[in-house]
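Lettered A, B, C and D in written order, each chain numbered from 1.
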Amino acid sequence: MKDKQFWIIGAAITVAFLIFWMLGHPGFNGERIVMFVAIVGMAGTLIYYIRIAKRGDSFFLRTIPGLKAVEEAVGRSTEMGKPVLYVPGIMDMDQVETVAGVIVLGHVARMTARYETSLNVPVSRAIVMKAARESVREAYTLEGRPDLFHEDIVHYLTDDQFAYAAGVNGIMNREKPAACLYMGKFYAESLILAETGNSIGAIQIAGTASQAQIPFFVTACDYTLIGEEFFAASAYLSQKPELMGGVKGQDMIKAGITIVIILSVILRLFHDLGWIGWDVLNFLTVQ
Amino acid sequence: MKKIADFILKIGEMDRRWIFIIIALVVLLPLFFPIGLPIRPTDSTQTAYDAMDDLEHGSKVLMSFEYGPSTKPEIHPMTYAVLRHLFKNKHKVYITCLWPDGQFMAEEAIEEIAEQEFNLTYGKDYVLLGFRPGNEAVVKGIVSNIRKLYSTDARGTLTDKIPMMEGINKLADFDFIFTASAGYPGTVEWVQYGADPTGVPMSTGVTSIQVNEVMPYVQSGQVKGILAGMPGAAEYEKLVGIPGIGTSGMDAQSVAHVVIVLFIIFGNVAFFIERQRQKKY
Amino acid sequence: MILKRHIPILIVTVIGLLTLFGWFIEQPTIQAFVDDDATQWYDILASFAIILGAMNLLKMQGRKVIKQQEGWGYSLFAIGGFIFSILAGFVIKGSESVAWGTHVTSKGTLFKWMFEFMFTPLSATMFALLAFFVASASYRAFRIRNFEATLLLVAGIIIMLGRVPIGSYISSWFVMYILVLLIGIAVNVKFGNKMITFSSVLTGLLIVTVAGMLTGWPIDQPGIFYLPIIQEWIYYNPNVAGARAIMIGIGLGIFATSIRYILGIEKSYIGE
Amino acid sequence: MTFGTILGAWVAVFLTLAIFSYLYKDNPFYKIAEHVFVGISAGYWASMFFWTQIQPNLFGRLWPASEYNADSFWYKIYNGLHVLTSAVFPEGGIDKGHDMHLIYLIPFALGVMMLLSVSSKLSWFARWGIAYTVGMAAGLRAYGFLNSNVIGQIKGSAMQFVGGDLPFFALIGNSIFNNIVILVGTIAGLAYFYFSKEHKGAFGKLTKLGIYFLMISFGASFGFAVMGRISLLIGRFVDLIDYSKPQYNHATIWILIAMIVLLGYNAFKDRGKNTPVSEDAA
């Protein structure tokens, strides 16, 4: 689908929607128009850039130190003949961070398959156990080493936050992994893991969007993927065009949001000065 | 100077269990021998207190319990202090829980404050509607039709038979919401699906670790003030005038903080000395 | 192949579009699904998954006992704990007045006894362990590796001291003296000339002392150096700016990832 | 003080001190408590979710009491189940305020498929359940996060710069200076998360300022996190002190002494063998 077609379809949809809106938008909740425009606008931007990436244009992406270190960490474990410990967070597949953690696990599993390093993935949710096993099995077959894969690489400990942390602590003290990767959604147990990982002298790389845990990872780990950097990780590691396009699309949306913020500050200024009656604040209040 | 540097480095290699012993003592001793440092309410606690104090007497307040055993020490003192404040001003308190173990916490709070301290009557001054599963779906259910979601209260009596449920059909019928929350579902879901859509004023008490995620809502006024962790509870106890668990923990909290700050400074001084020495050799 | 691959992808796309655009459609059944049923279905699915997890745990611990692997004695405790909690949950109610179903959330039952005297102490104490780990980490792990880490630790220290009663005892003049010393160190590192460092520290100390004497050393004046005030300013301003930037970033990240699922670009959850 | 409570206090104190003994080193007491915790928590959550989700919300919607009639085939199945376990399927249908929704057979089927996926042959059964979870998360979370994290924060960032009593500079409370700091900090923080442009030159300075604001925000939540941890430790010690009182037969004191003696004897016995001093000491 060439650029020209994309814009024609886009224009057609907008015109159709305007006509529908003029006709009194039957069956459409008018109050949530801002969210609707935001969703369609942002999804459209993402699709536009994903399409360009698929067509072959390459994008420049700045380096993220934490991701470069993942390959080094797996290499280090291979030299020392020690396992790699991968913790995909303690939440379920309904959290997008957990799903992102399982994606990064897939790439790490390809590295451990290539380097023939042993991989240990303790999980705290049954659905995650299933998804992680599929992801690791797929990675080992893609690297041509299905023989190295066995089900117990990914094993379930418990659903409870602290029983899980205690269990992972036990694994760290017993197996002494050379690299500990924490990728997913974390709560208070993040420090128990990072502190124990510190005391066994492992390289620690963390990636999470859990705001409250980022400070502990930043101070206690060697590298930390902060918030959005963690979500962009799968694009960086896979170099898949549609994922790279997605990251580029997100950047464009961020630029758009910055402009909207500045615009709404100015509009509020005008409103407060009485120059315009229209109040931007209740426009942005969504029911 | 060199002797001091060596001494600091030697401490660096010290077994970390000495640090554990120091922290244990620093927290235990003030519990046995309280120092009684005066508590100065911060701006955010004062805003929450004023928001609830300005309610005219006898208004209907929805209080929601979203915490469990592992966060009880921080949040329980808050719910005690807020309950004392609400009952002192003769408000009607309706209690819901978004966490299953939140209901155990609510039972304990009612037994000690409502029954023993204020000896109020269940069903007239306070009612425990109890836990309903579904996370944010429960908040949405309360907004649209509370009677459909809570056909009975936690003790099995039909909602229609509870006198104080008169005139209560949806969230908008309440005058104020206070949520004591330690994570998901909690304050954010109450702001997103409860207070924002209906405009009912809301305040909250959270664990210290969750303060940062709720701060933007407090700063933009969607949440009226905030009680942050055990210090927040102690400050609220001071404003209500009845010292409780929060106040008794404050001395231990203060001394422990000073010790941890010293550890950070000491640790980094040792780190600098090591780096200087490595540069030399 | 259809069953293993195409149907799951179809489920994600259909349910994704429904739960995303259902918010805009004013049709009662769709609204009911988006408002209530969608999460209700997930909660039911998660409950089955927890039972699956418990079965998996029994399988693992049981195999350890049967094969007498190392540490199998402790697995007996895990199985014993599990059986005890299942007994409390499904077999022994412990009090006749409570009906089945409400016994997991009401007083006087064996389940409540297990909750109060076993589950609460275990999970609360595990959480309390963190205080010790934070203490040892503050000594051994929290390093000022670069300027950013310095900002983090200094803001953390100001918040920690400013928010507790002892913070209001530290006079703003004490903070000013410390500031003068820190500036001295920074000047020393920058110019490395003993004379400049010494003179700047001296003048700094002089200014603070004279100002103190003139105003009679009020503990909380000037506010800009009084810990509780600095803490409140950091807490309401730079902290909110940083938190907002992170929240917008995360919100976008989650939105973009969700769109990739709904459009079927990302299929890792079934091992693609 | 009933016997049940005193016994409970002794069990609670033992488990608390057993977990704390991990600070000394990974010892048998800790391993016992850890494994009991793993077992109890699996059973606790399984019971809790069964009785608060599956029984009321699934079975409650398939066989509601409100539409019970004994001779319909559907309720004959129910009566069969009732004979099996009357606790889960009480007489006359399940009365949880739901009316009948046979569509709930879908999540029921997905759930049973999830259970059947235990056997490796049928392990792909779990995929449909996972697909539903991921699809729902994609839709609901995307809307929720876009609403509160993005639109909500944009609204919050539209700061007030002109208005009645707004002072130019005031440390505490609203002021033009503070609002400028928040606005610049938010925009700089957003710039840091920009991936498709090298952080150099003027843009580099903006992103540098951005990471500084992010780090101050992390510092604040670090300070609050430490505060929370100390409070929880205070909470545990308050409980232990409470349980050392006479009405609990001084539970804390006796168990503490017993543990110290046993661990001390254990350490004394191992003194001969050259076991490495506990791995935590490194």
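One rule holds in what follows: contacts are C-beta pairs under 8 Å (C-beta built on N, C-alpha and C of every residue); 3 or more make two chains touch, one makes a residue touch a chain.
Just so we're clear, the structure is a prediction, and the values are computed from it rather than from any experiment.
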| item | value |
| --- | --- |
| Chains in simultaneous contact with subunit B and subunit D | A, C |
| Innermost chain, taking as reference the mean of every protein Cα atom displayed | C |
| Remotest chain, subunit D as reference, centres from CA atoms | A |
| Dominant interface by contact count, named by its two chains | C-D |
| Length of the line joining the C-alpha centres of subunit A and subunit C, rounded to whole Å | 17 |
| Centre-to-centre distance between subunit B and subunit A (centres being mean Cα positions), rounded to whole Å | 31 |
| Chain centre separation in whole Å, for subunit D relative to subunit A (CA means) | 20 |
| Two or more partner chains touched - positions in subunit D | 22-23, 34, 37-38, 41-42, 44-45, 48, 52-53, 56-57, 114, 117, 126-127, 129-130, 133-134, 136-138, 141-143, 146-148, 150, 152-157, 172, 182-183, 186, 190, 193, 214-215, 217-222, 224-230, 232-233, 235-236, 280 |
| Subunit B, residues touching no fewer than two other chains | 16, 20, 23, 27, 43, 70-73, 100, 131, 133-134, 136, 209, 212-213, 216, 219, 228, 231, 253, 256-257, 260 |
| Junction residues of subunit A, two or more chains touched | 35, 39, 42, 92-94, 96, 99, 126-127, 131, 134, 157-163, 166, 188, 191, 199, 211-212, 214-216, 218-219, 226-228, 232, 247, 250, 254, 257, 285-286 |
| Residues on subunit A engaged by subunit D in the complex (per definition of touch) | 34-35, 38-39, 42, 59-62, 64, 92-96, 99, 126-127, 130-131, 133-134, 151, 157-160, 162-163, 166-167, 170, 173, 188, 191, 199-201, 211-212, 214-216, 218-219, 226-229, 232, 247-248, 250-251, 254-255, 257-258, 260-262, 264-265, 267-269, 272-273, 280-281, 284-286 |
| Touch list for subunit D against partner subunit A, complex | 22, 26, 34, 37-38, 41-42, 44-45, 114, 117, 120, 123, 126-127, 129-130, 133-134, 136-138, 141-143, 146-147, 150-152, 154-155, 157-163, 183, 186-187, 190-191, 193-199, 214-215, 218-219, 221-222, 225, 228-229, 279-280, 282 |
| Complex contact set, residues of subunit A against subunit B | 161-162, 187-188, 199, 211-212, 285-287 |
| Of subunit B, residues touching subunit D in the complex | 15-17, 20, 23, 27-28, 31-32, 43, 70-74, 100, 131, 133-134, 136, 148, 151-152, 188, 191-192, 207-209, 211-212, 216-217, 219-220, 222, 228-231, 245, 248-249, 252-253, 256-257, 260 |
| Residue ranges of subunit D in contact with subunit B within the complex | 23-24, 48, 52-53, 56-57, 97, 144, 147-148, 152-153, 155-156, 172-173, 182, 217, 220-221, 224-228, 230-238, 241, 280-281 |
